[in-house]
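Here it is, the structure, as structure tokens.
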Amino acid sequence: MTGVFLGLPTAPRGVGHLRGDRSFPDAARDSLRDGQLRANLGHATATIRGKRAAVVGEVPDWAELREAGRAIKAATMARLDDHLVALEEQVTARGGTVHWARDANEANEIVTRLVQATGADEVVKVKSMATQEIGLNEALEAAGIAAHETDLAELIVQLGEDKPSHILVPAIHKNRAEIREIFLRTMPGVDPGLTDEPRKLAMAARAHLRERFLRARVAISGVNFAVAETGTLSVVESEGNGRMCLTLPQTLITVMGIEKVVPTFRDLEVFLQLLPRSSTGERMNPYTSLWTGVTPGDGPQEFHLVLVDNGRTAVLADDAGRSALHCIRCSACLNVCPVYERAGGHAYGSVYPGPIGAVLSPQLTGVEDNASLPYASSLCGACYDVCPVAIDIPSILVHLRGEHVEAQSRTTPEAVAFRALSTAMSNPRLWRLAQRAAGLGRFLARGRPTLPAVLPPPASKWTRTRDLPTPPKETFTQAWAREHGS
Amino acid sequence: MSAREEVLARIRTALGEDRAVVPEIVRDYRTTDERTHAQLLDVLTDRLEDYKATVLRCSPSEVAPTVRAALGTAMGEHSPADVVLAPGLPADWRPDGSVEDDGRPAVALADYAATVTGVSVAIAETGTLVLDGSPLCGRRALSLLPDCLVCVVEADQVVGGVPEGLARVDPTAPLTMISGPSATSDIELQRVEGVHGPRTLIVVLVH
Amino acid sequence: MKVALFATCLVDTMVPQVARATAALLERLGHEVVVPPGQSCCGQMHVNTGYRREAVPIVANHVRAFAGAEAIVAPSGSCVASIHHQQAAVARRAGEHGLADEAAALAGRTYELSQFLVDVLDVTDVGAYYPHRVTYHPTCHSLRLLRVGDRPLQLLRAVRGLDLVELPAADQCCGFGGTFAVKNAETSTAMLTDKMANVLSTHAEVCTAGDASCLMHIGGGLSRLRSGTRTVHLAEILASTEEAVSPDQSTRPAVSA
């Protein structure tokens, strides 16, 4: 059953960053030719793949943790409404205020209103996929509020007026020399002698943001896990920018997709093992903050939690695609994906790139708004193998291809061909005829072992870069029948 | 209909009227550790050092001098008044001349060069210290703004894995899990220590 | 044992020597081979391209063609994986529960060649002779859906005269992916380029694998580059002996027997 069928709204158009302006093959055509991008991505993904493999390999109960993680997410989704109501109750009881947003527009309105109520004209932000998804920075800017990204990679993207291309490391497509250039060009008061040594670049970011942290009155964060039974929220990070935002300002506004809830505090013992090893390839990330409502004398004294749907309930309605909501945003699937590694994150057109993006974005927007994404995979299965919550991404991709095909109101040439082929393959007599017809292709080869490189489309899509063997005179089954007299 | 009612109604529509039973969660991952306590202390040390933290071991009677020596190594010549302490830090852990957090506005803690706190629990397997906002650990900003953080860990606070560690903390306390100094992997996925949080982490392990 | 050979649509139509080699190998090992004449395709290409409804009659044909077979062997990890993981599901989705049950039962008796040899027949030395430098590409569906593991390597290591060289980054996809190779031809080609670079770095004469489809992709690229390294299906290598090299085999040993 699909969300569309049940009338559940998908993420609205015209707001946020879930849709690209080009199809995946079109966008990939450009990125594939960008040698620097290819080199940067190849280097970075190879590095992280090695680190992940090492720290996952040393955990003797990884399979058990993975299965528990999968099961917790499945159990959560099965009673999502109950868990959200419990979360709201707990957060409220501990001094927080909970807001609900049907979609990106509503979430942006709520956050803008909350910031305006404080009188602040700027906010500091912890890296958050949800706020990128809904286009919060643009909405705040339109209201005259400056949003300062504080995660190093987000800062690089923001200063470079670029787009994020990876879930964990949005600036993965930039190398150290390019980052140095961006800092020199855009960072006020930066040391002109700045080198491209990563440590020096990190120090430049520290100096640039320090004063902003100390003067910030409002912070905006996302959330990795929200515990229903206790109202505990968590942010998993490395640099300390998250702690700065979660601790220093007077007001904290946290935006979370409704799927980020987990039922019990105990569930964190699973995810806090799965996430760091899968994402940065570390035994544990440097900082994890956990907070519940407001703590007098420690941290923000005003706390708002914004729960966002934005198409998630439509995903929930499709039991074949629902598990895409289990994603804990570790990025392991991006790092192992041969398509991501070569085409890069921008080709996906959504803030969620890579294999998980190819199943999540089309479901959040409705598959027709991201119709090329389910096909942006060779179905090699590497993503499923590394997913810490065992999301069967290849099967969802195949499912969404089916949804796309079945959503077509007009018959495409492809559909005509596949239907004809289906008819032939369902009937041995027709199939033999079809095989014989295919065998006639051998005359195009004029005796050579391969067909000509120039063939009409769609065959040209293959033959432009790869030879096709000349079909044999006789199929195997024909020859066998002839020789064995059946 | 309010947004709240509408989102909840959508979830109910999505899940359908005849809801499937909630799938069972099998937790047969490790929740205990067979290693001896001495081994766990070694694992904790190894993990912390892997994160580029410094680990100093001492006996219960040597905490204050060990903390003082650690601060000296990290900061060189410094005034004891630049060191701020968690308010519940035991008297015999305190280096002479250092000052207790007096509850000034959090951002003013940035004026200090170093902080000394205790911890709530330490997780050996992942090299993680958990601070819980109690007087022993101090408020969250205390272990964040000064550039050097010294955490005193008592041997009986060390557990094996994450499940044992989280079982020991109050879920509603303001918790900070610290695994090494502040770091980033945002440049070419290469880990670099020291960004916004303390660039130096020293752990004094008391046993 | 009486073995029903599922040639697969691609092998049957485009590279019949692979099915012939499979049959020759199994017969040499003392088994009776039958080739059910009604066979066509497992339906994988339809399912994976989104035509799951259209795949159902193909699945029905497959189930009809192989009804009653004791053991079914195919020289393709990908097709066997589809039989194991997709056939029953698409039938069930279409409401054809009887067909789904039959497909599931048939899947239980369907084996990829290397799994059949090692697990069912319990043989790793099939008595083959193949005096060439060979590198092995583990195809994605053999590796990750069927988990064939090192069975093909066990078989290759036992082949006399064969010089097996390790393929760097072997577990990376070659970029075939069925219709992916056409719908995302440029990304597919980029993946293929890296696979070919790794294959060529081994200085192997032959790149082998358990899937004719992936080999057609890798081989199509190597041939376009006039690289001289050719692709040969695992079945063809295992079927080769000193005594007899079938005239239908496209790849004769360089040193004649």
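Note that the chains are named A, B and C in the order they appear, and that numbering of residues resets to 1 at the start of each chain.
As a convention for this text, contacts are C-beta pairs under 8 Å (C-beta built on N, C-alpha and C of every residue); 3 or more make two chains touch, one makes a residue touch a chain.
None of the values given here were measured: they were computed from a predicted structure.
S.K.: Look at all chain centres (mean of CA atoms) and spot the one farthest from the centre of chain C.
M.R.: B
S.K.: Among the chains in this structure, which pair is joined by the largest number of C-beta pairs in contact?
M.R.: Ranked by contacting C-beta pairs, first place goes to A-B.
S.K.: Please tell me the distance, in whole Å, between the geometric centres of chain A and chain B computed from their C-alpha atoms.
M.R.: 30
S.K.: What's the distance between the Cα centroids of chain A and chain C, rounded to whole Å?
M.R.: 33
S.K.: Measuring from the mean C-alpha position of chain B to the mean C-alpha position of chain C, what distance in angstrom results?
M.R.: 53
S.K.: Report the residues of chain C in contact with chain A in the complex, numbered from low to high.
M.R.: Against chain A, the touching part of chain C is residues 7, 9, 11-16, 19-20, 23, 35, 37-41, 43, 46-55, 57-58, 60-61, 65, 85-86, 140-141, 143-145, 171-173, 175-192, 194, 216-217, 219-221, 223-224, 248.
S.K.: Mind listing the chain A positions that touch chain B in their complex?
M.R.: The contact residues of chain A facing chain B are 1, 3, 6-9, 40, 43-45, 47-48, 51, 60-61, 64-65, 67-68, 71-72, 74-75, 78-81, 84-85, 88, 94, 99-102, 106, 150-153, 156, 169, 171-172, 175-176, 179, 198-199, 201-203, 205-206, 209-210, 213-214, 227, 230-232, 238-241, 243-244, 246-248, 258, 265-266, 268-270, 272-273, 276, 280, 282-293, 295, 297-299, 307, 309, 313-314, 316-317.
S.K.: Flag every residue of chain B that touches chain A in the complex, lowest number first.
M.R.: Result: residues 2-4, 6-8, 10-16, 19-31, 47, 50-51, 103, 106-107, 110, 123, 125-128, 133, 139-141, 144, 161-163, 166-167, 171-198 of chain B touch chain A.
S.K.: Of all residues in chain A, which touch chain C in the complex?
M.R.: Listed in rising order, the residues of chain A that touch chain C are 24-25, 28-29, 32, 38, 338-339, 342-343, 374-382, 384-385, 395, 398, 401-406, 414-415, 418-419, 421-428, 431, 435, 438-439, 449-450, 453, 458, 461-462, 464-469, 471-472, 474-477, 479-481, 484, 486.
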